[in-house]
Amino acid sequence: MSKKLNIVIWNEFRHEKIDPVVTALYPNGIHAFIKDFLKEDENLNVTLAALDDPDQGITDELLEQTDVLFWWGHMAHGEVDDVLVEKIRQRVYAGKMGLIVLHSGHHSKVFKSVVGATGNLSWGRDQKEVIWNLMPAHPIAAGIPDHFTLESEELYAEPFYIPQPDALVFGGWYEDGFIFRSGCCFLRGAGKIFYLQPGHEYCKAYYNPYIQRIIKNAIQWAKPADFGYEIPNGAPQILTKVTDEFNN
Amino acid sequence: MSKKLNIVIWNEFRHEKIDPVVTALYPNGIHAFIKDFLKEDENLNVTLAALDDPDQGITDELLEQTDVLFWWGHMAHGEVDDVLVEKIRQRVYAGKMGLIVLHSGHHSKVFKSVVGATGNLSWGRDQKEVIWNLMPAHPIAAGIPDHFTLESEELYAEPFYIPQPDALVFGGWYEDGFIFRSGCCFLRGAGKIFYLQPGHEYCKAYYNPYIQRIIKNAIQWAKPADFGYEIPNGAPQILTKVTDEFNN
Amino acid sequence: MSKKLNIVIWNEFRHEKIDPVVTALYPNGIHAFIKDFLKEDENLNVTLAALDDPDQGITDELLEQTDVLFWWGHMAHGEVDDVLVEKIRQRVYAGKMGLIVLHSGHHSKVFKSVVGATGNLSWGRDQKEVIWNLMPAHPIAAGIPDHFTLESEELYAEPFYIPQPDALVFGGWYEDGFIFRSGCCFLRGAGKIFYLQPGHEYCKAYYNPYIQRIIKNAIQWAKPADFGYEIPNGAPQILTKVTDEFNN
Amino acid sequence: MSKKLNIVIWNEFRHEKIDPVVTALYPNGIHAFIKDFLKEDENLNVTLAALDDPDQGITDELLEQTDVLFWWGHMAHGEVDDVLVEKIRQRVYAGKMGLIVLHSGHHSKVFKSVVGATGNLSWGRDQKEVIWNLMPAHPIAAGIPDHFTLESEELYAEPFYIPQPDALVFGGWYEDGFIFRSGCCFLRGAGKIFYLQPGHEYCKAYYNPYIQRIIKNAIQWAKPADFGYEIPNGAPQILTKVTDEFNN
């Protein structure tokens, strides 16, 4: 219980370097901004990773210690190494790591592969979004009011081509007449995935205290379970009968 | 966070008084036995309640302080006061109290009313049951192996006429060729309900350390959430537009 | 397969008699209006029923022949006989009848009892609603576009205190900044329930061809299954072992 | 409605050629055996496909006409072309094709990629399996009794590392003390997937009339929906506001 959680925040980290508007909002990158508001929690050990780092930011050694992985990508989804994606997928399915996918990560190889989806949606101009709390009893909604407003966020619109989530925690309303499933939980293998829609690079969603609270809650929800046994990697043959245990 | 959880273990408490076999297993009642193995957790404040107590064991004052309610009943389901059942139902739906229904409680007014089910099933002779862990990543499965065996437990057989659970955590195998959905989570209103099948009055399920662990896990899973707002009791009229908030 | 489906459309049928605006929209009642757009389907045998009819419109004989029951109620929920509600609940759970609950029926005894919910929500002024198709592959969404607009519909707002639906087929967007889970499937016992939010007595939702299509689809989805055995009414004792069948 | 459904039964078709026991059971292959019991349905147009056929049995032309694809594979999962797997995945997600995965297909690239799972499980000796009907109201359970027995079937044991199914229709009981989620529905993108566990090449599951009925039901459940619009392939930009439609 007292062990620190190892969090890796992976960010494509391109927009922040080339677009002054984004730089102004997130001067050290979205990942660094998130790390900053997580720092008050002494039980989190947060590492930053970016696409242009060696090994695309995630060495095998780092991955093997990661309890929860964040994923923010947008313009360079295609550059992410398929081998890395597969390693991430296997680690999530093995229940060793939770996954939190942010905003445009809906189209990342990681999200599409881990969740099993095209992740298709429609999108449009930045506008006001109201986030509604659909499952107030869900751990990820702890401390969140029945609704809160984001002054400006990129429009993401239904239909969102995802499997029906295992839990639909938040829904979004947009000025222009659209709605979106904005906070979705998925269970895959022995692992947990949370998708959070707000987080456009031109907007200030990550400044919002409720968004920060949702992200903190999501870490606790997605972190690896306390398994009572070793989750196997493969399809082991059964050599004994349970019924034989009855005679012992 | 440091506030103690108020747990009420309600037990019909009839079998234990009239059947020497049951008395021998649970001399002070099943509820007292459960309280005993919960005592190591200093953050739980456990109260016992029984059908033949005044107010059928649950006064309004007690109910209003209860965070998690256990329910074990069997031979006297019909005697339970409908008004009490409705109060319990409303408190669960309001998200103020979790509910853990044990064994033959599947046919209690409380279970049927709160979950929305007949709770019908078939039943038969006591026999060996193997409990399988179907969702090792679920909080209620924390610390539970892939399977464990109960030497003797009453046969409860599918089809079990419940709505598909929101999470099916455990499945049971029986010697005579039957299976059962033995550990089921339901979400209702803003509250959480867990049903656990083992717990026959003639058997020793509650002596089993894994069953004890499951019950402890279930308390933490079912306890009231940290709501970010007051869950309303009724259907309030909306007098303001969210869009008006945009102008403030 | 060629057997006709017996549909009963139950309507409180009070507003239409006392409010000229409602009378003008639905002169013979909302139930008669629905019957009218169902008449093109020769395989449906539709019966109307109303609160002020003898036996509140539903005799035991009628109920025993009903394959799908519609329920529209609003101002007189409290007058509905609890015994009738329980009969309906049991018939749905037994898988003998589907249930389609319309609009303000979210607060009917039938909905609350069958689904297991308070059905609480917030409500407000009539306004434009956009219905979004969240599960285009669901049978109830057959033939429905990605979205369509209702010129005016009563505002029903989240949080809607229902259990997470087994399928969330439609979501609603409202002018004033609200969203709603507008088309929800629930599985209970061996039966199916569909809740459809549009249908305010002062509005013309039932004139909309997509709403009509949704209602037709819902009948086919909710109708009783072709069960391969008799669903039991109770908890029968098991007198034989499945394992004994192995020796025959 | 009167259009015939195009069914493609893909089979690895290796065991049947090299193992006399399998040849005796399924002389023309498991796929041909399934086609044979489907032939009474005049509305099905069934095509056989095998791994060693040109294009691994599935040309682009064939795939584009396929309404429901069956997949049986075991010893040669690794030989299946990744490009073909991706085409299948996209067609399912687009809602243009249902997918029915049989038995050892749980470890196929197709199942793992489409559903998003490792598909890991444990396995053991052939033995008696009792199939229990957990959702009698589900369309895939139409006409199926509360249970039926397979004289001999390969042991597949929990934990089965799949996401919790959208519907768990059947559960299996095995002599040696194991259970399995034997019939599982998954929704992915706009498509539907059914996994059916019985079907070992050394056993006669496909001879069983209930298994045959389940497969026939699954075709009707998994077939493409009647979409009310074109499911997009990608993430189109939104150029108009829904709210603008209000003014037309």
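Here the chain labels run A, B, C and D in written order, and each chain numbers its own residues starting at 1.
Basically, contacts are C-beta pairs under 8 Å (C-beta built on N, C-alpha and C of every residue); 3 or more make two chains touch, one makes a residue touch a chain.
Not measured: the values here are computed from a predicted model.
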In terms of CA centroids, furthest away from chain D sits chain B
Comparing A-D with C-D, the busier interface by C-beta pairs is A-D
Separation of the C-alpha centres, chain C versus chain D, in whole Å, is 32
Per the C-alpha means, the centres of chain A and chain C lie apart by a whole-Å value of 36
Rounded to the nearest Å, the gap separating the Cα centres of chain A and chain D is 30
So chain C residues touching two or more other chains come to 130, 133, 135-136, 146-147, 159, 164, 173, 175, 177-178, 187, 190, 231, 242-243, 245
Chain D contacts chain B in the complex at 130, 132-136, 146-147, 158-160, 164, 167-168, 171-174, 177-179, 181
Contacts from chain D onto chain C in the complex sit at residues 95, 128, 130, 133, 135-139, 141-147, 149, 173, 175, 187, 190-192, 224-229, 231, 242-243, 245-246
Seen from chain D, its contact residues with chain A in the complex are 90, 93-94, 107, 113-125, 155, 157, 159, 161-164, 166, 175-178, 186-190, 231-239, 241-243, 245
